[in-house]
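By letter and in written order, the chains are A, B, C and D; residue numbering begins at 1 in each of them.
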Amino acid sequence: MRREIPMIVAFVAGVIIILEFFVPSLRSVASQVQNWYLVVVAFAILVGAFNLLRMNYMKVRDRRADWPYSIILIVGLFTMAIAGIFWGIGQGTVFDWLFNYLMFPMSSTMFALLAFFVASAAYRAFRARAVDATLLLVAAIIVMLGQVPIGSIWIPEWWPHSLVFLTPDWLKDRIMEIFNTAGQRAILIGASLGVVSTSLRILLGIERSYLGEE
Amino acid sequence: MKSAYAVILLIAALAVAAHGQTLRTAENAAAADTPVDAGGSIDLTWEPSPDELDAKAEVLGYEVWRAKRPAGDYKKLADVEAGKESYQHTDEEAENGVEYFYKVRVRGEKMSTDTAPVGPVKAAPQWFHKDRLNMLVAAVLLSAFVLYYISQARAGKKLFIRRIAGLEAVQEAVGRATEMGKPVLYVPGIADIDDIQTIAAVTILGRVATMVAEYDANLLVPCSRSLVMSTAQEIVKEAYLEAGRPDAYHRENIRYLTDDQFGFVAGVDGIMVREKPAANFYMGTFYAESLILAETGHSIGAIQIAGTAMPSQLPFFIAACDYTLIGEELFAASAYLSREPRLLGSLIGQDWGKVVILFFIIAGVITAFLAQFGFEIFGRSIALEQLFVVK
Amino acid sequence: MKFVRWLADIDRRIIFLVIAVSVVVPLLVPLGMRVKVTSQTKIVYEEVEKLPAGSNVLVAFDYDPAAAPEVHPMALAFLHHCFAKKHKVIIMALWPQGAQLAVSAMGEMMQEFDLEYGRDYVNLGYKPGGDIVIKSLGASFPKVFPRDMAGASTADLPIMAEVRNLKDIDLIMALSAGDPGIPAWVRVANALYQRRVAGGCTAVSAPQFFPYLQTGQLIGLLGGLKGAAEYETVTAYAGKASSRMDAQSIAHVVIILFILFANISYFILRKQGDEGSGGPTARPPA
Amino acid sequence: MDGLTLFGTWIAALLTLFILSFLYKDNPFYKFAEYLFVGVSAGFWIAYNFHNLLVPNLIDPLFGADGAFPKLIREGQPDFRLLTIIAGLLGVTMLFRFFPKVAWVSRYGIAFSVGLGAGLMFIVYLQANCIYQIWGTITLSPVVVTETATGWHFDWGASVANTLLIVGVVSALVYFYFSKEHKGLLGGTARLGIWFLMISFGAAFGYTVMARISLLIGRMEFLINDWIKGTLIALGLL
């Protein structure tokens, strides 16, 4: 029974959503059910936060490596959560200030690390070892050149229109329109089949590993 | 008599003058039950008053009025601003099954004129979305393929699957980590458990965890979602049980960091540079963080195997990881690793889905070619594309 | 040979350093690299040039802070060009935050030009409704905007005395981050009132407007940071887009050069029968 | 710039530098920023979810001024929003994870989430990624001819583009065919499919570079303009 009833719950929840797509009169029921999910997520985050706090509390208690940093983590979590829950999250609140001057700069800098990593990854990976890798690197270089003015700077004013297909600008647009669309589209179609069959197995209880042990 | 004529003339003149000030009514007012909905709503449409179009008199806007009898007491429902070529208003406060009558009032600076009552109209819920019949057929067909081959597989039919290089390497990677005495890191994406890629990821985690338990290596699973953490804990625990090593299961190794995309990456990067795993797995839904993870993982010299169906992130995994499962291969992975009949069967079902899709694509482009010349069947263009329009 | 080996397995921190330098230097010291001005940008420039001084130009700020890094430099360069040619500028927004961005843009313009509010320019503020708003402007400006952004009556502003409806507008510049934006201006102002409409948008959304250019519904289009840099070049305005584009160009070239070095060292080593350990390549997936 | 903003800008700038220091190697500054970031962001999402998920979807409909319970007490009329209690119960099952002995109760919440997601994804993927993508492909004719006043006109540019796109989609889809060894014609087609995929990956990689460099430019402009120039201006040095 520890697995059967949850399986029925999963089935009912999923089938309501699928039916709603075909049966307009179920719309309000389905949107109600979808809102329930948001409530589950809101409760679940407490489980995660508790896990995070427990791990870091134990680290401090046992004086394990890097334990002082765990204190920073715990203080940060409580400060942000308490400020947000009790004094609101709107503009001009403490929460907003902490977001703007702590979280946002760290988040956007972490994101900006990608500027460096695209370079190091390209350096390592884009070597013409085989046909596949060569295609990858040639396409990447053409598109990169087509993106910035410097890529077309060598093209003189009198360049004949009949030779436009030799310019990075033109090639970039065609590669994106044709090759990129084709490749992405095949991935989307293939993956959709995988998703549909996995969903089906979940709803019918054929796939139940997510429920854990018997 | 003279005075009588004068009166008649005066009346006529007044009538003409009055007519000049009367607004002409909105045209073609119509009301009908909102076509595809759960009931409780009626759509009204009308076209502008000729006065709005030729600007002979100023039209400020329109009003929608409703009553339960044609001559009954009308109540105003809505104001609609003027300035469109046609108008539409949806009355969302109708009760199902009740007869309603509507009037559209055109409103000028001083005058206003009503249309004749429109109705009766009843609101009703609909039971089937007719425009989506093609989706229903597709859903049923695909499901039938999958279920048929699952039953075939269960009945003991031998099913073949081609080699998938990335998955051959899973065992090797776990083995290497064991030899080096270093942990295995498994990141199940940053989406929540309602994403099917996450489900695929935790299913593969189950297979990887069994190998790790058998080899007696250490498994680290940082999660970005509480629900994923809970699920991963259940799955890994079961995998250790299955491998006969329940004692080696440590719940603390499957930990939650934060829901935040980049906060999570900062944390995982920290785990990588300090715990130095020898094998990194990135399976599931990833966004921009994919390359940050994979490049940091490469810098610590780990074997890296990734898998995702996010087309935008595949290039980065391909560039920075040793092996990458592309799109559908992610969903094939659990079948491939476990060789369980029910999973293999559904994979074969997916293949038949692809055969049908390829057939329609090829047939579709042929008809698209012919349609250019205006070929028709039963008075309709022969292009197959109409079959694939979903509203 | 030692050098080639070193190059093949270069410490990635050297790559990081070079990237950082190639981004920071152009920001500190604008290189003024030549940007090739495309015809789509040039047409917009020429349109503003050929209008007689004192023409009425409508600038629509239909974007939000998210699109501002790309679109805002266009707004600055375009406004600068208009004021330099002594045109009158009517500003409005179909996006709520657009009007605010226009205030900041005008702040920068005021530092350079001696402009009088209400005579040289007006900020009418934000109006929700998209297509309908534009349609109504076709009939009357004062009806749609009885008051400007600051709440002053537009009837009292000399600039609005000349602008009764869209017919009095000589050029429309739609700076847009989505819908309502360029499509709405094309659908209504161009199609129904035959106004000349130019556009500016993010790089990602630019391709979807190419059909409008082809049919002439849109006279010209500034696409993304590159389009902004082109406009700065053609009007010789020292804005931010050019230095950002310099940084982009240098960074792109640096990455491409690194890829070339990697391949040269790879081929030299392969000739020597030494495959090198330059990390994994994009392995064929099967 | 007021004092609080200047103070905030300094903190933001230091944290920016701490994170960037990771590029050199792991160090105490990065470690500080990392732990702070994980803690602060976890707290952020707790507060955010409280206000944006819990309040509008559970607390308001049940206990708000116009909620179901006050209404029940006031008017004695039960309304459908009382069903929201089920959501609350499903949510509470998640809290059972705190106690390992009864942790299995949380399976109700998990199963509900998984089932809901499965239903939604089934439809969404089938429509947007399958049917719609097929539609997008079969609207293309491999040979494009248009009728003009002078007769049929062959548009070779569009024809080549369409043919390549169709061949690309078909061959790459064949690559995902699992139930046969990729040999012979199937193998050749799948190989062509990989080439298409590789070009698409290279192109997507190259296309993204610009956006990533922009992010770095954004951070650098913050350091140069807001932090350094801002401080100098505040100190009256500029």
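Keep in mind that, in the parts below, a contact is a pair of C-beta atoms (placed from the backbone, for glycine too) under 8 Å apart; a residue touches a chain by one contact, two chains touch by 3 or more.
Quantities reported herein were computed from a predicted structural model and do not represent experimental measurements.
By number of C-beta pairs in contact, A-B leads when A-C and A-B are compared. Taking the mean of each chain's C-alpha atoms, the chain closest to the overall C-alpha centroid is D. Centre-to-centre separation of chain A and chain C, using mean CA positions: 28 Å.
One inter-chain figure worth recording: chain A and chain B are separated by 16 Å, centre to centre, where each centre is the mean of the chain's CA atoms.
Chain B and chain C, compared by their mean Cα positions, are separated by 32 Å.
One finds 4 Å separating the Cα centroids of chain A and chain D. Contacts with at least two other chains are made by residues 135, 139, 142, 162-164, 192-194, 196, 199, 226-227, 230-231, 234, 257-260, 262-263, 266, 274, 298, 311, 314, 316, 318-319, 326-329, 332, 347, 350, 354, 357 of chain B. Counting only residues that touch two or more partner chains, chain A has 18, 21, 37, 40-41, 44-49, 52, 66, 103, 106-107, 110-111, 113-116, 118, 120, 122, 124-126, 132-133, 136-137, 140-141, 144, 147-148, 183-184, 186-191, 193, 195-196, 198-200, 202, 210-212.
Residue positions of chain C touching 2 or more other chains, listed in rising order: 12, 16, 19-20, 23, 248, 251-252, 255, 279-280, 282-286.
Considering their complex, residues 4, 8-9, 11-13, 15-16, 19-20, 22-23, 31-51, 53-54, 57-58, 80, 83-84, 86-88, 90-92, 94-95, 97-98, 104, 106-123, 125-126, 129-130, 133-134, 136-137, 161, 164-169, 172-173, 175-176, 193-210, 212-213, 215-216, 218-219, 222 of chain D touch chain A. By the touch rule above, chain A contacts chain D in their complex via residues 2-3, 5-7, 9-18, 21, 32-50, 52, 66, 69-70, 72-85, 88-89, 95, 97-116, 118, 122, 126, 131-133, 135-144, 147-148, 172, 174-193, 195-196, 198-200, 202-203, 210-212. Contact residues on chain B toward chain A in their complex (touch as defined above): 36-39, 125-129, 132, 135-136, 139, 142-143, 146-147, 150, 192-194, 196-197, 199-200, 202-203, 206, 223, 225-227, 229-231, 233-235, 237-238, 241, 252, 255-263, 265-266, 274, 288, 291-292, 294-295, 298, 309, 311, 314, 316, 318-320, 326-328, 330-332, 342-343, 346-347, 349-350, 353-354, 357. For chain B in complex with chain C, the residues that touch the partner chain are 81, 83-84, 162-166, 298-299, 318-319, 321-326, 329. On the chain A side of its complex with chain C, the touching residues are 115-116, 118-120, 122-130, 132-133, 136-137, 140-141, 144-145, 147-153, 155, 173.
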